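In what comes next, subunit A is part of two complexes: it sits with subunit B in the first one and with subunit C in the second one.
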Partner chain A sequence: MKAVGARLPRYDGLAHVTGRTTYVDDVRVPRTLWTKALRSPHHSARIASLDTSRAEQHPGVRAVVTHEDVPKNVYGHLEALGVPGDEPLLAEGEVRYRGQPIAAVAAEDEATAREALELIEVEFEEREPLFDIRKAFDPGAPTVHEWGPAFPHFGPHDHRRVRKGDVDAAFERADTIVEGVYRPGAIEHVPLEPQVALVVPEADGRLTIYSCTQAMYFSMGVVAQHLQLPLNRLKFVGGTVGGGFGGKVDTASETIAALLAVKAGRPVKWRWTREEEFLASSTRAPWHIELADAVTKDGWILGRRTLTLHDAGAYTRFSSYGLTKHAFHHSGAYTIPNVHFDGYVLYSNRVPTTAMRGFGVTSVSYAVELHMTRIAEVLGIDPFELRLRNANRIGDTTPNLVVLKDPSTVPVMLAAAERVGIELAPEYRAMTSEPRSGELLPEHLAGAVSRTNGKEAG
Partner chain B sequence: MNLTVNGVEARLVSPPLASLLHVLREELGVTSPKAGCQQGGCGACTVLVDGEPRRSCLVPLATIEGARVTTVEGLGRPDDLAPVQAAFHEGYAAQCGFCTSGMLIAAHAYVERGGTDERGAILEALGGHICRCTGYAKIVAAVSAAARGDVATQAVEASYEPVPGEPEVLVKGSPA
Partner chain C sequence: MARHRGRGVATIEYPTGMNQNGDPSQAWVKLKPDGRVDVFAGTVDIGQGSKTVHTQIVADTLGVPYDWVTMDNTNTDSSPVCTGTFASRGTFIGGNAVRYAAERARERILDIAGKELEIDPSDLEVADGDVVVKGSPDRKLSVGDVAAAATWTYGELITGTGAALKPFAEVDDDTGAVTEEPHAAISYAACVADVEVDDETGEVTVLRLVQVYDVGRAINPTLVEGQIEGGALMGLGLGLLEASYPYYPSPEHRGGEFGAYLAPSMDDLPELDNVILENPSADGPFGAKAIGEMANNAQPPAICSAIFDAVGIWVTECPATPERVLRALQARAEPRREGKRVIFDEEISLRRVASKEGVAKLIDGG
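Right, the complex of A and B next:
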């Protein structure tokens, strides 16, 4: 414990300030080939024909790969956890987002690889894309996947559900219903280090993979599945990441580089340009969140109805997981005894979305906090007081029935009020996280509080 | 073509329009300048050319025949850091480290020119250098410390010696 509170130098600090940290792009291996990918110029199109023969014959080109070269082309990032895969490594038959890789070339240098891309002949039949997920269920809306507009594998449902208490009764009893629509947008991570991988075929038949991934064992599993190789044929070298923020949880460059390295029998590096990062790397998802709260005029939230639409982009990746976290956190840092939540993961012809700093939770927190302030405005109540009254206490239960042992809402709100110089009334300033009683335990919350105040979870 | 890179003379065979960044990284193996955007937009490739900070991705080799080029490798070594390097290390101003080389070069040029710890002037000197780990506050504080000369050029060392009698659990009721 002596490290807690001590001022220790960063273990990698000296290397950083002397320019000696070795990132993937700094690794030098003789005879390394350069990679360029042919990416879809269309948001949605059928691939009518694909011919790489001229590119293969171009001087200096050592390997060209398409979907035909991938042992298992369709896989999913959560397939190991039982979520069916839906994403091809290289597009086969159709493209679903602009920038989707269709073919890749490994050549002696960058310029040759770029020239070879020009020699790949591909014909598209362009289709109308879907960008607005609110229109996904409309009759005649463009189709992204043949199975329907939504991710269909939430148990027996095509959406994530949370049901707790009696929401209809709460809305009957309410003095006011406060509604709001919140739409946090997509965000590109923009790590300073663009996506990059270096794959070296070793003499013993193994592949050494220098990776910028944030998720080594995820990436190892993804490469092993697509290439249908046992894990002991893959040696991952990683841990030095030039910024990720969630964007490097996806296995974006390693697998295609590995495929090319195997085919060429040479080391292969694939470093994306900044333009490719913005065009084709995954983003934080855009969301559409509708909230309706049943509230009393003295500032209690009796119930909440939620409809959430999550824009996955063209493929699922981690979206179903993100939506599940979103569902569990949809009452925010507050206790709401009656909730009814429906959340859909919908597909669009945008770039696939992925992890980014608390994804799923940040979107719903944004919506909930704006909504709390809206409720306070509608009721004419101080927004701090509204939050403090409804704030989680020890023994309160979350929408997914977790009994809280150490909620932090009250001390955080009190500290925030103090720091920004807001003068709270004495009864609010005296509040703590202790189990509800007296005025803080009105009738509508009686059934929502654990009788043992969470102590059984000890 | 000839350059002096970190005090060492180099004869180069790259084409005249090759970027200085490419020459440093791919021909000379000097990898501290990073290819963050290769469009002059991020600052991670910044080096000193005859003492002036330049975006090496935008400098064609032919335009700097005979120049003196300095990268972070040429500023100081782990046991003999330049003031800005020591300040960044002490002040935790490098997180992922990818923007750090460019930041250090810009900061070093600023301090060498006699730049002060005035915040506005430091922000001006670091203009166009992007950090996405959002370490700007610590970076500006480190440059400010270097400008004041408020740094020890010998880096702090961590001690991992056990402390006798240290309790296992410091917080009552901790599950640890």
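Right, the complex of A and C next:
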């Protein structure tokens, strides 16, 4: 019997729905300490002073950590890709978002840890925050980030560029130019299992880290960097996650719990509250996307100009990666021969945004598809037919010059139309993904089609 | 005051694997003395069922029954590198890693079986747990006997390792151009949303979603449907319900508990009609491409297009909450026409909100 193609049940489904799965919070180790974090109450402030001495002396407290305890406090998720780090594990000198961790306490129980937080003395000098990234470059706008308003590391540029064809000529030649602004908002990941970690210092000197991460090796690398330890000192135990959706690519709880475990010499668990999960964990990024499409009256898209502003929140995390992915997919499932794209990662005083299902592309799919519907409306063309006409085909090239080998925009659209009973005109019903030629290859697309029809691709 | 029905469509594409590649997954397969199979890989199962899918891939690659295969993805000591479960890479890249490892282990099974049967390994194949002589189905040896022979007769461990890695694709920072594919594959989908809009309350109800996905090859159609249906509910949340910042860009009114944040629930689930197309990829395990992330991308624009079809308003700030729908119904904004330009949404545009200097910097490249 073949397993591939079979409707086999999920190996873990029954255990999940009967409560028999062991999640991180179900792991019990004797002498475990419990963690609470002091978080910034301000969107933006200078930290004038920080004194944890009273908290350290509180009965039942076994360790308190601040930035001074972190071997490498500032680290970036994209350092392996050559992007310098920008986010401190624990705030040093300033806070840039409400909920940013400043100090953490490990105590015999959660109530004692909470009491100790009250004894940490911090003086803040509040600053004006920035929330509207459209105003990031206005004169006098608050500065959020040490790098300035925009992420500056797209090679020599402070924005991601895509340039293909001759956009000015396309706009000149167009019958109509349709312009729109799209603002898909931030949402939460809402895992049923909030961020949680248990770190056990073993007798052999290693740390066992029970983790809810979506990426054990990535998270092990993050902990190893902050603690400056070789990988053989760490063992991640995980592989089972109570909902991630991208939010558990952030290594949100493991590193601070590890620091506390090392300092206290005891197992340490850090279990975020539901409120922390909602308010202090990362979100999907909000985006601002301005599209202008040069179209002909019979529904060909000749060119597109795009300006994208990505609201990263206070630190970079994966933002520049997400914006580049967004840029690569900004023509959607269609072939547009002339494009001009500028995308900026801009900082604001909100929680850092991170990966979430569809990262970078969810936003641009929203903008592009709603825009396609608008173009169809403006031109008085059926929205299926407008899309099918411009649908990408084998041998077409994307904005970043990838030759498509096996697109299936046409078949998925035809199947959807059939399923809902839409009667397309015969010329559309007969369409396939086969390479453009003859009447299907209008003159304006000639330069957008690979001469090899994809045969050399890949 | 009335309810109005409308229909909207969206068509999307989505890449498999990390953008620009460079994201390895590795795996190790070994056989116990009775032929049962252990797979070690670091791929985290976040609920999508990757462990089940990887087990299916190993079973068919080796030619043994599914229930002979046990996968251990529990820790970084026994499992080699997996970059992580994100970027829709589990089935394709993690799946290729276990496939390659199983292929190496299969070669070792055939080597040992060849010695036992005194036949050249190239004349052997593995099916349903037996090593069979090609063309002579009666001449066979169970994989269990082969593993026993390896263990007790030849002093060998039948094992195999595999690694999947597509090299990092450099990007030209001036043009965005890449010199090689910056992804492992691309998947495609179309979504048709039927909605009902109440013009008194502004409430939008999704009645039905028809969704077509090309996933290359459905390794496990039930799990693919799970992704499609779970993604539909997340897409509905994105399109209609969820907002970290209900009055973005203001940070006020954030919801810090379930009662104050509208995540979709089963009550919100519309009628779903799922269609799976199989247009196999060249390089994926058994022709698979990804389904994971893209499954929540098509619904928001399809729903907002359907709202226009129903009541003639464009809601271009997501989610389309009752408040936004009612405000748009009150405003009944028309695009401004200037020459051949048709300009929508001016009131939320950068030019309207930012200072002259900000516009000059961001739009005009100053």
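Definition applied: the second predicted complex is superposed on the first by the 453 of 458 C-alpha atoms of A that agree within 3 Å, B and C clash if a C-alpha of one lies under 4 Å from a C-alpha of the other, contacts with A are read in each partner's own complex, and residues count from 1 in each chain.
The rule we apply is simple: a contact is a pair of C-beta atoms (placed from the backbone, for glycine too) under 8 Å apart; a residue touches a chain by one contact, two chains touch by 3 or more.
Keep in mind that this is a model prediction, so the values were computed, not measured.
*Asks:* Touching A:111 in the superposition: subunit B (first), subunit C (second), both, neither?
*Replies:* Neither partner.
*Asks:* Is A:446 in contact with subunit B, with subunit C, with both, or with neither (first, second, both, neither)?
*Replies:* In the superposition, A:446 touches no partner, neither subunit B nor subunit C.
*Asks:* Would you sort A:9 into first (subunit B), second (subunit C), both or neither based on which partner it touches?
*Replies:* Touch partners of A:9: subunit B and subunit C.
*Asks:* Considering only the touch criterion stated at the top, classify A:274 as touching first (subunit B), second (subunit C), both, or neither.
*Replies:* After superposition on chain A, A:274 lies in contact with both partners, subunit B and subunit C.
*Asks:* Considering only the touch criterion stated at the top, classify A:425 as touching first (subunit B), second (subunit C), both, or neither.
*Replies:* In the superposition, A:425 contacts neither subunit B nor subunit C.
*Asks:* Is A:43 contacted by the first partner subunit B, the second partner subunit C, both or neither?
*Replies:* Once the two structures are laid over each other on A, A:43 reaches subunit C alone.
*Asks:* Given the superposition on chain A, which partner contacts more residues in subunit A: subunit B or subunit C?
*Replies:* C
*Asks:* If you stack the two complexes on chain A, which partner ends up touching A:283: first (subunit B), second (subunit C), both, or neither?
*Replies:* second
*Asks:* Overlap the subunit B and subunit C contact sets on subunit A and report the shared residues.
*Replies:* Residues 1-2, 4, 7-10, 12, 16, 190, 241-245, 274, which sit in both footprints.
*Asks:* Residues of subunit A touching subunit B in their complex?
*Replies:* 1-2, 4, 7-10, 12-23, 25-26, 28, 189-194, 241-245, 271, 273-274
*Asks:* Spell out the part of subunit B that touches subunit A in their complex, as residue ranges.
*Replies:* Contact set of subunit B toward subunit A: 25, 29, 31-32, 34-39, 41-42, 44, 71-73, 75-78, 81, 85-86, 88-90, 92, 94, 96-101, 104, 130-133, 155-158, 163, 166-168, 170.
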